[in-house]
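Report on the following structure.
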Amino acid sequence: MSQINPDEVFDDFAEMVAAEPGGEGIRSCYACGTCSAGCPVRRVNSAYNPRRIIRMILLGLKDRVLASDFIWLCSSCYTCQERCPQGVRITDLMTAVRNIAVREGFSPSGVAMQADLIRRHGRLYPLDDFDHKKREKAGLPPLPSEIEEVARLLETREK
Amino acid sequence: MNRYAFFLGCTIPARSRNYEMSARAVAKRLGLEIVDIADFGCCGFPMKATDQAAAGLLAARNLALAEAAGMDICTLCSACTSMLSEEAHRLAHDAGHLAEANRHLAGIGRSCSGTARVRHFARVLIEDVGLDRIRESITVDLKGLPVAIHYGCHYLKPSEIYPGWDDPEAPKSIERILEAIGARPVAYAGEKDCCGGAVLVADEDTALGMAKGKLDHVKAAGAKTLCVVCPFCSVMYDDNQKSIENKFETRYQIPVLFLPQIMGLAMGVDRKELGLNMNVVKTKQLTGEILGQDE
Amino acid sequence: MKLGEYDKTVLVIGGGPTAWEMSRSLAQDGIPVMVAAPDDAERADMPSGVEWILGAQVTDVIGQVGDFAVWLKAGGKRFERRAGAIILALDANRQPGVLPAGAAFGERIRAMTEAEDVLFGRQGHPSLRRVIVLDRLDGLSTAASHERLLRFAVRVQEECNATVYVLTSQVKVASIGLEILYGRLRDGGGLVVKPDAVQVETGDDAVRIRFRDTVLDEDVVLEADMLVAAEDEAPSPELERLAGVLRIERDKQGFLQADNVLRRPCLTNRRGVLSVGSSAAPSTQWDTEQGVTAATAEIRELYRWIEEEDHPDTILYNRDFCAFCLTCFRVCPHGAIHFTDRPNFLPLACQRCGLCAAACPGEALELVGYEKETFFKTLSSLKPLDVEGSKRIVAIACTKSAGRVLNAAPADAEIRKGLAWVEVQCAGTIRTTSLLRLLARPGLVDGVLVLACHNGNCRSGTGTVVAKNLVESIKVLLRAIGADPGRIGYISTAANDEVELARQITAFRDGLR
Amino acid sequence: MDRTSEDVLVIGGGIAGLTVALGLAKEGWRPWLIEKEDRLGGHAAAYVCKAVEGECQRCGACLVDLALKEHASEARIKTLVNAAIERITPSGSGHLAALETPDGLVEQPFRAVVLCHGFTPFDPRSRTNLGYGRVPNIMTGHELEAMLKVTGRVLRPSDGAVPRQMAFVQCVGSRNARLGHPYCSQVCCGYALRMARQIKNRLPETDLTCFYMDIQTYGKDFPDVWPGLGGEIRFVREIPGDYFSLEGDRVGVLVETGDAVEELSFDLLVLSVGMAPSPDQDRFCEWLNAPVGAEGFLRSDPDSGVFVAGSAAGPMSIVDSIAHARAAVRDVAGFLEGRK
């Protein structure tokens, strides 16, 4: 039976999350359970438990949270966020936590790949000749294969 | 009649052309002028998980393009709708954020003021076209075709970025459109449940499990088709229906149609023009019953 | 010592903040105040026009509102003073809850009062990283104890900028301002946990607490610089003695106000003896403020009542039948009987419950305006019912509950069918003989009902119980003589309980042979 | 001082208004008591006695009837029912009130105004996820009070059947930052659990569940009642996430269990709705510019002769409303006597 030990507790983790856009309201949580009870992901995969994640963050369990798989399970359906009696923006909170995780070097390959595709092509799915033919055949207007401007926008920003 | 900057996003032009075709067909029948803006790129949604600031910037760029063209945005994909609406909402309510966005957009010679309005195709139909005109456009009697509606999430939520729109806890908008075209929306358990599309990348089993739950309820409710308004939802229920059937050793054979595909049928639009032959789960039998013919 | 001189001075008992607030409020209204402070700590900010007797103990009190004789002990002397009213305003006795097994108070584990001195006392704030506040875990904390707990926790956060963990079983925020205080705690980074299985281990450098986090469903071990045990707002130890001296009721926890909503906010069973703040119940700041101000209103009202209305005798006394047995003195719930060579019935103290008259073995006492004027009148006015097969029930009804329901019911209401009733100030008024007289008229009276108030909602406190026991004893009597005990019944009710009362009266009627 | 000329306007004939008017009358003043409904007593007059087997549960609901009885024999109060306040405007050192009464418009100057307009029960329709009005057999605590008071029984609205499984959901509209209700309504634990005990006593076969966050200490008898309560009621420290209708008009809810989400169903579900400021508050605020407290309820402004008593000043029980109103009597009298 696992146990949480003092050395796992980072006092400033909750602060870190609260400072990230979307994480602001985390401390308003009453742990009432409305979020977890209504969560469609949780009904299928009990590893995902938004209330538990919030409690872990408030306790300061930084590594446990950031290195976990469960923070990537949120389907961002906003059911919990719409219902939270304390106005905790739980879906946005998960985004915030994911962003922190990525910056700290934890992110599933799929997620990184998607971001990379967009960086390079400005689209999740660049249109190749095959797509162009299909579109033409379907009588759909032509579209550029890539949006090069997106790449430039992201570069200028990262500078 | 207003003109709309038609925002397709990434998935639709490449993977859900049937949605695009049917939407264009219906728009034409209803006299909606939709304009393609070649420079539109990714809405930003897929980048949110890694870098929400960058995601917001991609959205802001698209909004800037629409503003420059002097048009509101009409979307088909619910994820695009929420990503763009969310950014529009922030740009309009957070001056600091607007300035920050423009600082970056300046780097590619663009700027925005946060005035562009973003609405989903279905919302435009209800608010700008109106149910009466939709009713008038009907030429085929759907004879109360039992349809299960999957509203999906981002079409309704977060509700704060959709002021004056449908109630996420008891949505009615698509129901009203379907009733207007002579279909019969059937209630089913878990109507509000998420398709799981966004979990697909992280955990396929969970995503498919979520989609399965919905298909079970839809089947139990005796609906002849499942109506969707988002390509992600379609991927989960249509493209993945076979793999769900195999994974859980069950059988559904529930055609999954995009809202404009059903509308098109009621307007007597040809199957091909609606891209119905591109749906993964075969739609022939369904349309056959409706049109009383077999192609 | 003699009575009979009206004196407006209010005796406030207590030396702390509540007594201070109380005397200030009275003084503001131009009411003379005398404070008997058990401790002898001088106070700089004494309200003007207030006589503050330090180290004073009230040893005996007789009399009635407007006219109390009080004996005090102070500075080794015993002396008598007069007062028009007495207000108990002692502050709570703060007791830390029980620590988990193995834990003991010391450097790192302190009770909250002590911790306040250490952390906010003169020696300034020691630098702390983490503080754990451990509350009792049986759910019996109060808004009062949590008001203090939350204030403490927020202060530790803001002044020592430490991370605060609060372990409790129920967050008690049912008082104005507490939810907002709880919000301040959370916004400041404080975490409230509702744990199971708490264990505490002390090391030299830190205190370790192990508990089951019911949200994580995992055991958590936290390390902190200090563990602070929350404290209950318990009754001051003085209260028990004072209750004896003043002959006033206490609740189960020992506060000087019976658990009876009719006494709230500040009344006791004795007119002119009030209790406020933590003398009456565990009190938040808000409760105390309301109690103090309400008590001032009460005093004003009492004095006006004394001055502007006449106060005729309430009890008729027949010395010839009196056995000087002190029964009346013992049963009087309102301290309205002053015994000299005879019982003296103090009209300002009497609340006309009639318990004394009912209990008097010699029937030497009679409640003015009851027996002859109402009971016998009703009895003699009874005519046999003309309707065939219908049953006549005579009820003796407490005017506060059943009396009100019956009067409000339309004449043709089911509840009033064949029912005649006598209203009494308190069901405790009823004499055995009255009920026997009724039962002795089978031709005229089929059933007899005693309609009293619910237990805990009785004005005299004991009248309900007395009436219930009376009916039980008469049932026994009837059985003994082979008569039908079903002819007499007891029902308790309330002014807003008409549906249930009707159901029970109908059931009683249907049960009559 | 000639007290008869010192008119005080007491707005609202609930327990607070009655207590204030009675107290002032006893002090010799001549309060006007204005009630918009056709009867005095306010919300509490509709509450049921919750006694269990002859033992009072300390809810205080009957205190309203006692106040009404006292009021009936108090000549110094000028009482107007079915009366609305058209407007209140400053006039000299006091306030000029235009009262719409059954006998037409009355204009009357007052030296002091006591706001006792009470609260409004939270309307669960405003949070559509609660299913109220959409899912059959979901009712509010106030509706349950009324049902018990009028019929003495508990029956399912949908079919009049006796509920075998019943649930209470606490903190509905209370302790809710999203709604701008940063307060505990103070009364809901008390009324829900007192009614639950009474129902359990009358229907021993019926299972009772209570979904909650924190159970508040209510009444002096709480220490005696609480330890045994778990034996009568199943306490679940969870707030349901979804409310829906099931076979046989049962109410389904989704509840977190710690390791999964469980679907529970009940014959009848009661939303323990809290207190919200009365809709009338805004008008009084505007006319008298009475300050608004952190919780969103009104505060007294003694300097300008504006006082607030009872649940118009914040959520509070009947017993606390009486205490608050008694205190207000002293403050109002002090003001009229020209004393702070």
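Note that the chains take the letters A, B, C and D in the order they are written out, and that residue 1 is the start of every chain.
One rule holds in what follows: a contact is a pair of C-beta atoms (placed from the backbone, for glycine too) under 8 Å apart; a residue touches a chain by one contact, two chains touch by 3 or more.
Here's who's who by UniProt: B = CoB--CoM heterodisulfide reductase subunit B 2.
Quick caveat, the model's predicted, so the values are computed rather than measured.
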item: Neighbouring chains shared between chain C and chain D, ordered by label; value: A
item: Of A-C and B-D, pair with higher C-beta contact tally; value: A-C
item: Maximum centroid distance from chain C, chain identifier (CA atoms); value: B
item: Distance from the mean Cα position of chain C to that of chain B, given in whole angstrom; value: 65
item: Mean-CA-position distance for chain D and chain B (Å); value: 46
item: Cα-centroid distance, chain A relative to chain C, in whole angstrom; value: 57
item: Distance from chain B to chain A - Cα centre to Cα centre, in angstrom; value: 22
item: Touching two or more other chains - residue numbers and ranges from chain C; value: 183, 217
item: Residues of chain B whose C-beta touches two or more other chains; value: 169
item: Per-residue multi-chain contacts in chain A, two or more chains; value: 28, 31, 43, 51, 79, 82
item: Pairwise chain contacts under the document criterion; value: A-B, A-C, A-D, B-D, C-D
item: Of all residues in chain D, those that touch chain C in their complex; value: 23, 26-28, 45, 47-49, 51, 54-56, 58-66, 69, 149-152, 175, 177, 182-184, 186, 189, 213-224, 226-227, 237, 258-259, 293-295, 313-316, 319-320, 322-324, 326-327, 329-331, 333-334, 339-340
item: Chain B contact footprint on chain D (complex, rising order); value: 128-129, 134, 244
item: Of chain C, residues touching chain A in the complex; value: 129-130, 163, 183, 186-187, 189, 191, 208, 213, 215-223
item: Chain A residues within the chain C interface of the complex; value: 1-6, 9, 11, 14-15, 27-29, 31, 51-52, 55-56, 58-59
item: Contact footprint of chain B on chain A as seen in their complex; value: 21-22, 40-41, 43-45, 48, 69, 72-79, 81-82, 89, 91, 95-96, 98-99, 102, 107-108, 110-112, 114-115, 118, 122-125, 127, 131, 134-135, 138-141, 143-144, 147, 149-150, 152-154, 156-157
